[in-house]
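Pasting a structure here, questions to come.
Labels run A, B and C following the written order; every chain starts at residue 1.
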Amino acid sequence: MREKILYVLGVAATLLLVRNLYVIFITLPDEQDQGAIYRIMFFHIPAWFVCFTAYFLAGVTSVLYLVKKQFKYDVFSVSAVEVGLAFTLIGLATGSIWARIIWGIWWTWDARLTWAFITCLLYAAYLMMRNMMDDASTRARFAAVVCTFAFTSVAITFKAIEWWRTQHPGPVLSLPGRSAGGTMDPEMEAALRLNYLALFVIAGVLIAVRMNQEKRLREVESLRRQVHAM
Amino acid sequence: MTPAVEVQKAWKYFGDYPALRSISLDVPAGTCLALLGRNGAGKTTLLRILSGLSNPSEGSVRILGHGSRDYQARARTGMIGHGIGIYDELSAAENLRLFARLFHVRDAEQTVQQWLTRVSLDRVQNSVVREFSRGMRQRLALARAFLHGPSLLLLDEPFTSLDDRAIALLQSLLADALKGGATVIMSTHQLREAMELATHVALLDRGKLAHSGERPVQMLADPTWLYRTYGDSQ
Amino acid sequence: MRFLRQTASIAAKDLRSELRTKDSLNAAGSFALVIIVLFSFMLDPTETQTVYELSGGLLWLVFAFAGALILNRSFARELPNDCLDMLVASPVSSSALFLGKATANFTLLLVVELVCLPVFGGMYNLSRWSTHLGPLLGVVVLGTWGVTVIGTMFSAITVNLRLRELMLPILVYPIMIPCLMAAMKLSTVLISGEAITGDDWIWLRLLIGFDIIFTSLSLLTVDFVLVS
């Protein structure tokens, strides 16, 4: 039953994404200053929000794991980090393409970009570390501690535009239309909102699928131990 | 009188695999419990929980009337694990001094000297442990475990890999400790050595407590009696 | 009181066994000197102004690399004979154990740094490096504490992994970045012979802030790492 709901949600979100793609690429006109490239923002901004939300929730569930020692929290945090990392890569790639067109460079060592990159490396290391531990309980404990530390880096990335002068365009929601000094076009805002919805639901479905796998994985591990103990 | 060790419905999971299943065990003060069972039955896991190295996943453990990680419980427990637990780069006296300080032994220096004499390492006390023979290291490890006059001794396979001299020493140390009112819990395969001291036995079988109680008389003549009577006859 | 005594005992134990073999001190010290030599190929050592501008960054790279060697040994030292089990089973609290080991690592790394600093200043002809010696040492102490407190924590985690020598730097450097970044900026200013002014105060605040954050985070979570 749960799996069916997941599939339905996944299909619905994919259909919404297709519909959004049509609107973004066909219906909406070019933006007045940035031209065609502004469309990448419909993916760039939601992708970052998805990954920050995922990392934030992974941080919260890691602390919960340490307090309650229930595997469901560990399962959630590893799934969230994995999906979050995928969206981080989407965010970095789309940002990089946008920067090539608008700034003329693929990358700049700007505070926000740098910290986003560091965060990406950190969570990749977290996943690597998990691979190197055989006992599920130890793995969950250590991973939770690392995830708690890693969250400081997410917090810095988020705060980076306030702490340091940065080239990264500021407060995010007003971005696409603001370059002209006005507010965002309502049509664009609606498209952005719907794409938020699509990406968030897709991420949620991916996390849920990943959680199932992770649970099965632990069951297989323990069955294997049981066989060895016989 | 409160038991030295009270374990109530303790479970320990490694992942989803239960290494200990609902263990309930009271060990009265002043007794010597031999913890028996095959490899992988959970003896080490249980001893690690009693030593405060590990927390039970469910259930509760009281050591000498305190929580298993409390200062009061830890300060009065002595332990011998799989490794000998002494530092190769330090000298014999430095090793003992370190643990005397960590356990807040009064008259630390005097106690250290007494123990060095007792395990016959007083003449080499300033040599680095790395230069010691195996037997000397084992005797030093015994001194480390008994140094602070513990009320509870947790020994994981203490007779395995000891030489004759160390076995005799350990047996006399344990006999003295029991005479002084201490409680001893040891896991062991060397049934003959253990049965001379054990007043109680507990048998673990694949994480479950198959039997616990006073040592049956039959075991003196036939140490494997318990396995055959209560063990899983698969 | 008891806590401090235990912390001191653990730190003294680590320092004593390190001084007996000097394994990690020698390794970290010579590694640091090798990197300082390598820098001379990376930049033109006669262009003193450029060296001044890069000095903080170069120094802290040296310190961080040398630190990883010391930190790798910290808990690996406890592995033979299962000594860590004995410490955890003794009446020492996890946080006292952690602070003791962190203090020992801090002292060792500081010794390496205090050797590297004048060598670096002398070999690259940075005549002004010691004009603000007091504040510079203060920054070195604060930065080193940040590096060692994070490093000790992760040394405790990675000691149980396969490939622990590889995993420690991968995990530890990204987390250390805030401390390293602040220490680099401040050291560059001070080595160039200037005082910390205006805009640079934020870096000092960041450095102290991160020291406090990472120290308390470590003390809060270390029990979960040491007790299974």
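Everything that follows uses one rule, which is that a residue touches a chain if its C-beta (ideal position, glycine included) is under 8 Å from a C-beta of that chain, and two chains touch if they have at least 3 such contacts.
All values derive from a computational prediction rather than experimental measurement.
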Pair with more cross-chain C-beta pairs in contact, given A-B and B-C: B-C
Nearest-to-centre chain - CA centroid comparison: C
Centre-of-Cα separation between subunit C and subunit A, whole angstrom: 32
Subunit A and subunit B, separation of their C-alpha mean positions in angstrom: 50
Centre distance in Å when subunit B and subunit C are each reduced to the mean of their C-alpha atoms: 39
Residues of subunit A touching at least two other chains: 137
Two or more partner chains touched - positions in subunit C: 228
Subunit C residues touching subunit B - in the complex, by the definition given at the top: 2, 5-6, 9-10, 13, 16-17, 20-21, 80-83, 85-93, 227-228
Residue ranges of subunit B touching subunit A (in the complex, touch as defined): 13-17, 40, 57, 206
Touching residues on subunit B, where the partner in the complex is subunit C: 48, 51-55, 69, 71, 74-75, 77, 79, 81-90, 94, 98-99, 101-104, 128, 144
Contacting residues of subunit A [partner subunit B, same complex]: 69, 71, 135-137, 218-219, 221-222, 225-226, 228-229
Subunit C-facing residues of subunit A, complex: 66, 118, 121-122, 125-126, 128-129, 132-133, 137-138, 141-142, 144-146, 148-150, 152-153, 156, 163
